[in-house]
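What follows is a single structure, written as structure tokens, with notes after it.
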Amino acid sequence: MQDSVPFSRQELLISVIARLLTGCRIVATGASSPIPGAGALLARAQSGGRLRVNVLGSVRNDFLCDGGVELFDLAAQGRLDAFFLGGGQIDGAANINLVGAGGTYPQTDVRWPGSFGSAYLYYLVPRVILFREEHTRRVMVPKVDFISAAGPRNDGTYRPGGPIGLLTNLCWFSFDRSRLRFRLESVHPGHTVEEVRDHTGFDFDCPETVPMTLPPDTDTLALLRTRIARELAETYPRFVAQVFPEAQVPETLSAAD
Amino acid sequence: MQDSVPFSRQELLISVIARLLTGCRIVATGASSPIPGAGALLARAQSGGRLRVNVLGSVRNDFLCDGGVELFDLAAQGRLDAFFLGGGQIDGAANINLVGAGGTYPQTDVRWPGSFGSAYLYYLVPRVILFREEHTRRVMVPKVDFISAAGPRNDGTYRPGGPIGLLTNLCWFSFDRSRLRFRLESVHPGHTVEEVRDHTGFDFDCPETVPMTLPPDTDTLALLRTRIARELAETYPRFVAQVFPEAQVPETLSAAD
Amino acid sequence: MTASLGQAANFVSSVDQLAAQIPDGAQIAVPPDYSGVAMELTRAMIRRGVRNLHLVGVPVSGLQAELLIGAGCVAVVETSAITLGEYGTAHRFVSGLRRGAFQMKDATCPAVHAAIQAGGKGIPFMPLRGILGADLLKNRPDWKVIDNPFSAGKDPIVLLPAIRPDIAIFHSPYADRNGNVFIGRRRELVAMAHASAMSLVTVEEIRDIDLLASEESAAGTLTAAYIGGIAVAPRGAWPLRLWDIYGYDEPHIRQYSDMARTEEGFARYLDLFVHEQRAAE
Amino acid sequence: MTASLGQAANFVSSVDQLAAQIPDGAQIAVPPDYSGVAMELTRAMIRRGVRNLHLVGVPVSGLQAELLIGAGCVAVVETSAITLGEYGTAHRFVSGLRRGAFQMKDATCPAVHAAIQAGGKGIPFMPLRGILGADLLKNRPDWKVIDNPFSAGKDPIVLLPAIRPDIAIFHSPYADRNGNVFIGRRRELVAMAHASAMSLVTVEEIRDIDLLASEESAAGTLTAAYIGGIAVAPRGAWPLRLWDIYGYDEPHIRQYSDMARTEEGFARYLDLFVHEQRAAE
């Protein structure tokens, strides 16, 4: 690493997301998604204005005017290039569960809010990035208890979209659409392949040598800590205060001066 | 006739239409329809504000805000109580033709603009008033050459709407939904049943005694020639100038004073 | 509290009068927490003791569903999620679900939108891509899968039956003197109103203007023809946000989520913020 | 003529540049005569000599279709009507139809709207009530009738395949500095833009504002993401009306209808008002 600037876990994830969005025309992020939101805003800043970003919950970064359905229609029109989905459970076939675990549906032992738009966007958006910070065997399960949105199955179903991979606190898996399996592409600095194996409940492909996830460079960190932090603060003030404590200072000062 | 005020052919038609709209909640009129428009505005004035009227082409009498599709959606929702349809040809089964006559479709000898919304509204709006001033065997044919919108057929097809009757320069026919035939209800003042027969190419039911169409009373004529004429003038200035020449004078005067 | 404003217009009633217009067993459509939720009316509905509602979140719901479920007003919940977002867990929803207190119809956002649009278009169903392979489909016998009749090969596609609620319920910044309601770009409110037999709307205020008078203002208007009643309810979305006009009352929603952990706590919340409210007016 | 305004913004081009973006054989969606027709762009298209267009009137067309048909630009006409209203007969349409100069796909207004909405929703088809028993259905093999899968008894219903035009073309009063276009309550323009791969728009002017900045103005806006190009064309709908901003040039349209009775007359009209136009600029 030529860059000696230290960076946080969140900054790494944001920079990875921004790289995954290279070349996109329209990207949207959903509710309670500060890291994907920051990643999308960073990708926009680095795109020279070619990327449009829609941050759910933002006023300034919301270019839609046709109500809640427009994002979904955009996806079906083929205009939405990337979106983010998580899951209370994610399995090795890339099925995701946002509904509940244990027990018998609908009386599950644990209940999450619900599937939101996953059962649709997952099928239509070409670059779905599965994003879940917690990387444990509780989340990364052999088989989800309830399929909110199914992984690709190559069964001839109309499906222009699907996961390109899964990003967690530990690593980045790509998803192989022909083999229908995750493949470990890189492990984040400070973590190991063994750690990933220990905390993953599903089987995945693993090359002999797994590179380290490329850390953000100095320019990216500087951009992130200034302009991106300020853009994000409109929607996620608490996240920005916590992750980019210095970014807010100039704003507060200039407002007070 | 207790009323001695003379009235025009158009005033009679307008007053008949207003009576046919009694009890409606929402009525719409289409393009190039000054007489239905005036009838609807008259019915609104007489409803004490309970009737909403949408006059296509009007700005002041257009309460829709959701684009061109809203009128059609209103109809399918069951909210649009009455609408008007005409036809280059109308037959005794209440089929209407707005496309063309003679020759072989699409190379018909005569071509009219097209079916517009008839193939839909005719099926969904409970009180469709067929309105065609010209009452000749050219228009009132045994069988239309092209069915833009079909008359009711009692074949189990979903059809909450359909014609309540046919109003022309000569008479008012009701349409009998069980017999699927027109019935001569009244002949306009100055015309006869024989005249109607002579100029109608289709067979219709005819009672032994056919009453005269009820003419507009003095109050109705007064309302029509003042407030209604002024309301209509926004959309149909030339019609108003021709049919209600005196209605415009006060406006012009007051504008000049 | 609200009856003094806009009384001249005959479509304006009180929040309690609106609540009285909602019969037991009604299917009601409600918007998400950020889109203008009629919370004051929701409290009035609980006070009136409405029962057996079929609640449709268009496409999701939150605190409004929580309160109605906790107060025993709801028989069916049809939604793509029930969430208080970052402000805590929807305990009454989770607890009611576990006890089987209501029928759960889990959906996905665009499916609710499409079914509501089908309702507004008066068509019996709407097709939608996606969903295939999801367990949602197994648990929605009302959703059907057919082979796309326009496809040469095998091409399964989901058909969603139209949703036609009895009543759409929401809160907006203002209505005009003729009962037209400003909805801005929240077109899900328009879709809900078109699909529903009528809409009951609370507003911050009635303005002495005509929203239909200009192309600019008409563009963001729900026309009065869809409205069954309007009541003035200042800060009527509290403790939720109203667009960019006022924000969430975060401490209150967190307090709610804390109290709602237990049935007793929830009952105390109702006493404090719903039933007592009437006495305070 | 138009290049001098708003040149700073990189999405703004000239009317002729927009015309050059429309390839031969393109399926283009156009609004009715009262909703904002890009007539200046239409004249530029004729000058550029575009051929084999598939013209979709959403849901009808008028003078724009007349000119394009008369000038030999059109291979397919899909519409619920072609009409000049009270201003005369659409002679070139009628004459072309008689000569079999183009394929005619007669429709009914709500069917075009529904098919365009299906295009915008990315669904393969949309069901619609009505139409059954009409000869329209006989002549539209692309429309299918199925039995409503949600009905217990026999319940035939028409399915319309989605329309997904290559280009939506219209004229609006103004766009903002970011390429967002004001469309007011003309939501058929939004539906067309959503369904189409891109939209080419002419405007009276570019305003130095941000239409997305307020809920009020955003409500009447088509967001820039759908736009493939904008050109400034003052009185760009002439001789047609632009909403309530300017009216029809009635004498001109009557003159058109008179001249268009014969092919020679129509050719003279083109010389006078389309081809000569370029020299005059």
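In order of appearance the chains are A, B, C and D, and numbering begins at 1 in each one.
Basically, a residue touches a chain if its C-beta (ideal position, glycine included) is under 8 Å from a C-beta of that chain, and two chains touch if they have at least 3 such contacts.
This is a predicted model, so every value here is computed, not measured.
Ranking A-D and A-C by contacting C-beta pairs places A-C first.
Rounded to whole angstrom units, the spacing between the C-alpha centres of chain A and chain D is 40. Centre-to-centre spacing of chain B and chain D amounts to 29 Å, using the average Cα coordinate of each chain.
Work out the mean CA point of chain A and of chain B, and you get 59 Å between them. Listed for chain D are residues 114, 117, 121-123, 128-129, 155, 157, 185, 190, 218-219, 221, 244, each touching two or more other chains. Residues of chain B found to touch two or more other chains are 64-66, 70, 76, 124. Here the chains touching each other pair up as A-C, A-D, B-C, B-D, C-D. Across the complex, chain D meets chain B through its residues 32, 34-35, 58-60, 79-83, 85-86, 90, 93-94, 97-98, 100, 104, 106-111, 113-114, 117, 128-136, 139, 153-157, 185-191, 244.
Residue ranges of chain C in contact with chain B, taken from their complex: 120-123, 180, 190, 194-195, 212, 218-219, 221-225.
Across the complex, chain C is touched by residues 31-32, 57, 59, 64-70, 72, 76, 98-99, 105-108, 111, 113-124, 146-150, 153, 156-158 of chain A. Only residues 114, 117, 121-129, 144, 146, 148-151, 155, 157, 159, 161, 183-185, 215-221, 243-244 of chain D touch chain C when the two sit together in their complex.
Taken in their complex, chain A has these residues touching chain D: 26, 52, 62-66, 70, 73-79, 124.
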